[in-house]
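After this come two complexes, each holding subunit A, first together with subunit B and then together with subunit C.
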Partner chain A sequence: MSGKGKTIKVDYLARVEGEGALFIRYDDDQVHDVQLKIFEPPRFFEAFLRGRDYTEAPDITARICGICPVAYQMSALHAMEDALDLVPTPELRTLRRLLYCGEWIESHMLHVSMLHAPDFLGYPSAVAMAKGHPEIVRQALEIKKAGNALLRLLGGREVHPINVRVGGFYRTPIPEQFESLREQLLAARDLAEQMCRWSARLPFPENNQEFEFVSLVNPDEYPMNEGRIQSSRGLDISAGDYEQYFREEQVPHSTALHSILIERGAYLVGPMARFNLNYSRLSSRVKQVAEELDFRPPCTNPFKSIVVRCLEVLYAFDEALRIIENYQPPAHPYLTVKPRKASGCAATEAPRGLLYHRYGINAQGKITHAKIVAPTSQNQKTIEQDLRLMLPKFMHLPEDQLQGLCERAIRNYDPCISCSTHFLQLHLQHDQPGSL
Partner chain B sequence: MVPDPRLIATEKGKPKLAVWKFTSCDGCQLSLLDCEDELLLLAEEVEIAYFLEASSKVEEGPYDISLVEGSITTPDDVQRIQKVRKQSRFLVSIGACATAGGIQSLRNFADVTEFTSVVYARPDYIATLKDSTPISAHVPVDFELQGCPINKLQLLEVISAFLNQRAPQVSAHSVCIECKLKGNVCVWVAHGTPCMGPITHAGCGALCPSYNRGCYACYGPKENPNGESLCHWWAEKLGTDKATIIENIRNYNALAGSFKKIGESLEVNKKRTT
Partner chain C sequence: MTNQEVSERWLLISLGNRFRSDDGVGPFLLQKLKASLGHAAEFYESGGDMVGLLGQWKDRRVCLVDAVQVSGRKQGDLIRANGLADLLAPSLCNTSSHGFNLKEAIELGKNVRLLPRRLEIFAICAENFTCGNRLSAEVKRGAVLAEQQITELVQADNGGQQCTNNH
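Now for the complex of A and B:
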């Protein structure tokens, strides 16, 4: 690189969870290098889990992420139950799905309204956006609040809930507890439907790309806790085979490991992948809204992921209300099991996509090994690839706008850098023609 | 209204709030965004001048009140917290990572080089310190709000106390008191469930016991906890082995002063008996 190279620097990429940096080197003809740098400090969960009791895994791994703790709890306890051949009753399974609905609503609405929407409307934050669009912000907060109310009832609190355990729950609700919540969910569902219509009218940059979409697929329902891992290009495996098909690689510029599909490369997990692979299993109301908006799968423009998130929020309300209306309290809040030497794994659908856990435990029930693959580390390579392909289409833009667009393109993925391992710095280097 | 002479003057005459992240899960700063009913009101009272997770607009310091999340685990963190302190008139550390090292401080009891090689194929790419340490180990802290995660209403109380020039009303008593106030049946006495409630700081609203579960001390130590007595009764009455007690002392608040001490004396006793 010669000293003539033009460099644009933005110190931090805001409105993402965690800290990292982006480095892009390009000239007028092509993009030379794209590195999404993550330097969120490592926290070594997989190392210090060893020696801890198997019953602690859901609570400890929840601390990986304050935005999607339920996802970590779900993957951890399903993996432990896989190891111990424990099959929760249908009632317990349904309650877990209800808890997940709460997290999908809360996490998606946080991203849609506070992190993502300001990009489309030209505001630095949701608080600033509230001055120009008070109704939208107010509605979004109402929707988010309903998701959090669900989390509180079932989980005890919004961040790091305390009520789930291997085998079930510590305490299961009685039907009366859902009465006032039901009213709140019904009202928020109407707002969520309006939010779908609003999001579809936002101005989207054209950026359709080809992705290999990967998500759980379950013939009976839109995937949350169970299903086979499938892709838009024919992959169809069980969670037990995950590590034979996917590999994590370490790259020098990141404390998050990059995940690839062996011999195929980058792939995409998350709302777009779920939507594209499971559209038919959405509720009839969601499909009706999507069709009215002419928003059918496949969605291949990451800028439009905001619409997918809104549709998934609407689905989560439909599903939560369906579950509450049919709710029968489980006979026992949890099943018990004696620990033994075993290993097990599970993948569930975190709001940001597939979350894989594998554990080994010894005869005393102490964890002997742990492996966790977070959605953002799976998407990291795809984000870099997206930027590489997107930039040439927008080279005509002034540099500050181009840089803003790159930041937005990263936010499309709702990257949770705390999950994948923080300080986002953005360096755009524009090489002069002829420089090295 | 007479302007508060302590405040750093801003154009709008509002105090400037900053939110900083160190090594953490983001959950405690998220608590601020989880204040769905109060967030916009709060934004009327303070100027949210630096909060990267919520806003791409960054205002220069100095700041009137800084909320600091996370523990110090990298050489860069060590430098950055000094800069944050210099720019902040009132610094509040929020959450177990910032006040007590967090779950990642479990590395302090192990070999971090070995840890790095368990997670990363190329440990040489990773810059990390041997220990995870609380904010107070590096700079003076004006108030510590405990909890993993913090209670968002307590956070609002701390900000409100600052705005109104009074001391924050955050009770330092135990979870047991919260249980009594709620009318909970004691999970220990009634069900024999090991519970950390007697030595754990209040603030969660006695959540776990309310859900028929023993407290696992995510709010850290209460004021003057009698850890020795708790360990004695756990072992005597519940037959819980010492390792289980260590697991409960050494989880989310392992470096909090009294928990650290209890953990160390348990280790010494363990060595003596084996």
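Now for the complex of A and C:
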């Protein structure tokens, strides 16, 4: 081994959800080891779902995450409905999509403005960034507020909505309730378009990589609740086949399982995957903005995921407004079904990517087994690979800048460690000659 | 940003989790004040989204109620603070790495000019934050004191200054 070995250590990575650390050992020639160490304790959601009623799964699993509770509710609902052969009416299906639009808006805008943008502008936090760029932060807050308003109207409240149930909603809105919301969404959509243009002008480190992108693909729409699981390398399966193609593995350094595509390895879920596999299904406004910005698929630089998130926010506004324009209240807020012994599964698109749920229930409707695969656990191996491939391009940087770049690279993925343990100390070790 | 008319009524905001025993004192107090003050004030039970407060409280007169843990203070003690001027107790500043705490929300509000024009914080000292929906007797006594002071504050200002031109 040539060159001087080094260690870079960051005890806690900021602006990610949850607790974890990163350990990187490298020398001047190569990176020897990258470990995304998730030490947040396991949360045992799958275990304590056992014995609970099938109707409770959406609300219990929503507690896995305060940022994307709707995603957990949606995957749980669809899995239960798959088990019980319950097909929601088109009107109910559309309202669920509208609720998901609200979550994408508030979750993406939180990450874009409060967690990710300070990285590009050289600020340690959103609070500090707000001094230099108050207008951007104010716009982001207005956009997020509109997403929250959608969640409040359809979900009953902004955090951990309480209005969804297997078969539909407890209560559905009347068209008049959308009137004032429509104005708010229109105003926020204009701000979202400005945010797309602003984000595309940020300085992006060069870090194009080859990923196998995985997301839902639905021929009729940009995917949220439904679709087949497809990849950029030819995978095309239903959610029912997920566990034949994807496997979770234990790794010694993480309390979260690592997901791999069997015999293929790491893959990427999330906004970049959705954008690259579903670009044609975005609204004409979003595609026009993307074209004007010369931002077309494939996007292979994770630093540019901030632009993709902004485009998805713009899409969510377009979609929400389209749904509201055409809203027909469902004849009944929910469909009923008698429980029976069954099993079912579903995958939906959480803001951070594919979220898979599988449940078994007994004749009394009690849950006998549960399996949840969160987006962050699917991306963990990819994050490690990204760092392994990225670092050699930036070895010339001073150690503190290299360390900062590693933290930024991790935030590109908007990791939610609390979901996946269900992240971060950073420890970069530059080896001394002969130290191995 | 659009120019929206700012309500002159006090906005009473609660923080805290109803299902974490004494942490529920904020929502408990809000419910009591809703019953006694009615339309004299507006009420907002925050689910914990501190950034969301910035959109709620801009230019308003705000009372914020929450449970607090302060070493050396007894359960039920009431701590009152001017949120725009005083240092906040550390336990009012708990945060997740993905969210903001109250102190950060106030700092952010200063930087983007989304602050209330008055922010009175009523923090009730508590110790039991385990699962449950009952308040301890001490914390309930603190809530009664807070209720009296908030009621006096709101009633004293009702019919008071109506001019919204602060500049």
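Simple rule for what comes next: the second predicted complex is superposed on the first by the 427 of 436 C-alpha atoms of A that agree within 3 Å, B and C clash if a C-alpha of one lies under 4 Å from a C-alpha of the other, contacts with A are read in each partner's own complex, and residues count from 1 in each chain.
In the analysis below, contacts are C-beta pairs under 8 Å (C-beta built on N, C-alpha and C of every residue); 3 or more make two chains touch, one makes a residue touch a chain.
Owing to the predicted nature of the structure, the values given are computational and were not obtained by experimental measurement.
J.: Identify whether subunit B and subunit C fit side by side or clash on subunit A in the overlaid structures.
T.: clash
J.: Pick one for A:Ala187: touches subunit B only (first), subunit C only (second), both, or neither.
T.: Second partner only.
J.: Considering only touches as defined above, state whether A:Pro298 meets subunit B (first), subunit C (second), both or neither.
T.: neither
J.: Please determine whether it is subunit B or subunit C that touches the greater number of subunit A residues.
T.: Comparing subunit B with subunit C, the partner touching more subunit A residues is B.
J.: Between subunit B and subunit C, whom does A:Leu257 touch in the aligned arrangement: first, second, both, or neither?
T.: In the superposition, A:Leu257 contacts subunit B only.
J.: Counting only touches as set out at the top, which of subunit B and subunit C does A:Met114 meet: first, second, both, neither?
T.: both
J.: Taking the superposition on A as described, I'd like to know which of subunit B and subunit C A:Gly240 touches: first, second, both or neither.
T.: Neither partner.
J.: Does subunit B (first) or subunit C (second) touch A:Lys144, or do both, or does neither?
T.: Both partners, subunit B and subunit C.
J.: For the superposed three-chain model, which listed region of subunit B (77-85, 149-157, 185-193 or 239-247) is the one that clashes with subunit C?
T.: Answer for the clashing stretch of subunit B: 149-157.
J.: Quick check on the output: what are the common subunit A residues between the subunit B footprint and the subunit C footprint?
T.: 12, 14-19, 66-67, 110, 114-115, 126-127, 130, 137, 141-142, 144-145, 148, 157-160, 418
J.: For the complex, give me every residue of subunit B touching subunit A.
T.: 21-31, 33-34, 36-37, 39-40, 43, 48, 51-58, 73-74, 76-77, 102-104, 106-107, 110, 112, 114-116, 118-122, 125-128, 148-149, 204, 207-208, 210-213, 216, 218, 244, 247, 251-252
J.: Name, in rising order, each residue of subunit A that touches subunit C in their complex.
T.: By the definition above, subunit A touches subunit C via 12, 14-19, 66-67, 110, 114-115, 126-127, 130-131, 134, 137-138, 141-142, 144-145, 148, 157-160, 187, 416, 418.
J.: Hey, which residues of subunit A end up touching subunit B in the complex?
T.: Listed in rising order, the residues are 11-12, 14-19, 39-48, 50, 52-53, 56, 59-60, 63-67, 69, 110, 114-115, 118, 124-128, 130, 137, 141-142, 144-145, 148, 156-160, 162-163, 165, 170-171, 250, 252, 255, 257, 333, 407, 418, 422-423.
J.: Under the stated contact criterion, what part of subunit C meets subunit A in this complex?
T.: Spelled out, the residues of subunit C in touch with subunit A are 1-2, 47-49, 51-52, 54-55, 96-100, 104, 107-108, 111-114.
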